[in-house]
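These are the structures in question, set out in turn.
Here come two complexes built around subunit A, the first alongside subunit B, the second alongside subunit C.
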Partner chain A sequence: MARTAVPGRLTWRVATLTKVADETPTARTLTFDVPGWPGHLPGQHVDVRLTAEDGYSTQRSYSIAEPADGEHVVLTIQEVADGEVSPYLTRALPVGGQVELRGPVGGWFVWRDAEPAPVLLVAGGSGIVPLAAMLRARAAAGSRVPLRLLYSVRSPAERFYADELRGAATGGVDITYFYTREAPPDDPRGAKRIGLADLNTHAWPADFEPSCFVCGPTGFVETVADTLIALGHDPRRVRTERFGPSG
Partner chain B sequence: MAIVTPGFFGKRRGAADRLPPGQYLADDFPVLTAGPTPVVHTEDWEFTLTNEVGERHTWNWRELQALPAETPTVDIHCVTKWSKLDTAWRGVSLDELFADVDTAADYAMVHSYGGYTTNLPLEDLLDGQAWIAYEYDGEELLAQHGGPARLLVPHLYFWKSAKWVRDIELMVTDEPGFWESLGYHDYGDPWLEQRYQGD
Partner chain C sequence: MTYVDGNVLAGPLAEVFGVDFTAVTGTCASCGFAAALATLRVYSTAPGFVARCPSCEEVVLRLVRTPTEAWVDLRGARSLRVPLT
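Presenting the complex of A and B:
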């Protein structure tokens, strides 16, 4: 049985918002300063706790968007219409504002830069966030492992990190977009959901034994993971993270 | 010691006395799974209980269906924060399956088709607290929710309710399962908010 080191207790820490950047009209990247942050691996997430003045509190989990960098924790949060927490974080929380945060959480959906296998990242919508952390970690580590990112998104306007990803697609990194609702006019594929032909053409062949990471809404992840297995990928090499609406 | 976040009011949705700390009400049924959904056909399905000296009790799908069924309606709590109230299941109580199992073990390791594991004390599987469930909300259990059959242990966080359950192995000493080896709590009582190791 696989065993890993027992991490210490995950304590709640005060996180101060130091920087915000809009990714799309409904998604925002938040950089927090978290004194005592122990660091994290790309793919891990944090729990965020908000407490109202009358003591009511609630928690949500959000993926970390960037590799470990001292006491900074960077989250990209998609606003869920009528949600409880995400509209506050994407619209209301000001720079200098504080929330509580604990983590890092999750030791399975992680990529380690010492792994020699080629990497396949398949993102659906805001599922790009933990995969972007892996892509960025590869660059930060100077890793040469071949990496392909397949990014399914509704329209060009809804892409996260668009400028950065344009620059990242060099030196062993391939990035392909799959538009589901509205494609640019010069995209011969048009707009449709990702399918067998897309993965057969753009994913690594199963013979290459890539480490596969699939993140997105439940239906997307089910489809992509099932298709990868149909294409011959070993289920043990396909790691998934599914999310439903999480307001 | 919680800090107050100015301008945050929250959306209280009632039923607060039925929500463990840190949980919120979900209307849908989110899915948390570490990998692909395994395909398990009922004609190939088997469920085995193995005691600490290796004696095996095995049921095939037809034999499971022939056992007396119960229809628990329970609240479920996922460690990813969602809770769902009054979920309706149909399945066989583990008391029924353990009736002829001779054991002095205190712990159980649950194994799933696809390789997932989770550990829990044997006493948490007995006395009307756990089922092998094969229907949800009056329909056969969908594969993405653990069909054809999953463990249902609603008083613990839902990762203990292993999907695609294949066997339960009794153990004299406790061993960590999949998530328990990856930083999650060994026991996972939602009312004590035992999400992660050390909680």
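Presenting the complex of A and C:
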């Protein structure tokens, strides 16, 4: 429960950027060092605040990409072209630079490695980030729960964590890609939005009573969650996280 | 108008109450629908947050922050069921 990870009132901490890695031409993974970080659960997020010299301040929420590891907080940030915060974080902030960060926050869209139910993760675009934290936490905990990741993405070049996910698809983990704009030539499915047939074929059957986590843009999440419920999944086991266009 | 979900309220509500509120079950005063506050539809382009019921779309919660205070309007919530374990 996040209660134990957030003692007292939530406060801003200073975070120092220690490492940057490219995921795609417009998305980067940033590792921050946050002294006093209390740890977090996979699926939780942080608020990041930037303050200009004139005192103007603005904040955004970002999902944490990796399970708890000391005072490290890892975020993968998709740059929104005309955004106010994301271009600064992905392009301008140098290693050694500092931002303010608070968290972890969110106690509902989380997966706990003690849960025995099979896990279904459905990602749309950069919605992969909190789901990757769950996948990584499963591996880190040595958990054997069966896990399926359905990852909808515009094109192969836009995949996050491509090499890692290739290696992760063993020992109870299945990963399926659904391309929406441009598919590899050998993909018989072609490029189209994820739909009923995809979820019916690749998601766990409702009879398995999996814990479902769906994250992506609002329209994607609505479609997938409604389809899963239509396929018989209990709405109480379908957890969703939508993100809007603010960048 | 586009919306996100109640997960975005996690930080602002934890700032006010010191505990996570996204896993709290809220019952809509208008239609009686009960679900985690994380499932509310949140419109954040207003000067603050307006959170609506995913079932009937009535306002359940509003949160506005000034530099020194936070205003929480919960008149649209009949009850809040808070997990204690």
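Annotations for the structure displayed:
Please note the rule applied: the second predicted complex is superposed on the first by the 240 of 247 C-alpha atoms of A that agree within 3 Å, B and C clash if a C-alpha of one lies under 4 Å from a C-alpha of the other, contacts with A are read in each partner's own complex, and residues count from 1 in each chain.
Here, contacts are C-beta pairs under 8 Å (C-beta built on N, C-alpha and C of every residue); 3 or more make two chains touch, one makes a residue touch a chain.
In this text, all values refer to a predicted model and were calculated from it rather than measured experimentally.
Model built by superposing both complexes on subunit A: subunit B and subunit C clash.
In the superposed model, A:Glu100 makes contact with subunit B only, not with subunit C. In the superposition on chain A, contact of A:Phe243 is made with both subunit B and subunit C. Of the two partner chains, both subunit B and subunit C are touched by A:Trp108. Residue contacts after overlaying the shared chain place A:Thr51 against subunit B, while subunit C stays out of touching range. Shared-chain residue A:Ala81: touches no atom of subunit B or subunit C.
Listed for subunit B are the stretches 7-15, 25-33, 61-69 or 97-105, of which 25-33 clashes with subunit C, judged after superposition on chain A.
On subunit A, the surface patch touched by subunit B in one complex and by subunit C in the other comprises residues 1-3, 6, 8-10, 47, 61, 105-109, 218, 239-240, 242-246. Looking at the complex, you find that subunit A touches subunit B at residues 1-4, 6-10, 12, 14, 47, 49-53, 55-61, 84, 88, 92-93, 97-100, 105-109, 218, 222, 225-226, 228-229, 235-236, 238-240, 242-247.
Residues 1-3, 6, 8-10, 45-47, 61, 102-103, 105-109, 218, 221, 239-246 of subunit A touch subunit C in their complex. Here subunit B touches subunit A in the complex through residues 1-12, 22, 24, 26, 28, 30-38, 80-82, 114-115, 117, 144, 175-176, 178-179, 181-183, 195-199, going by the rule given at the top. Those residues of subunit C lying in contact with subunit A across their complex are 2-8, 10-11, 14-15, 18-20, 22-23, 36-39, 44, 83, 85.
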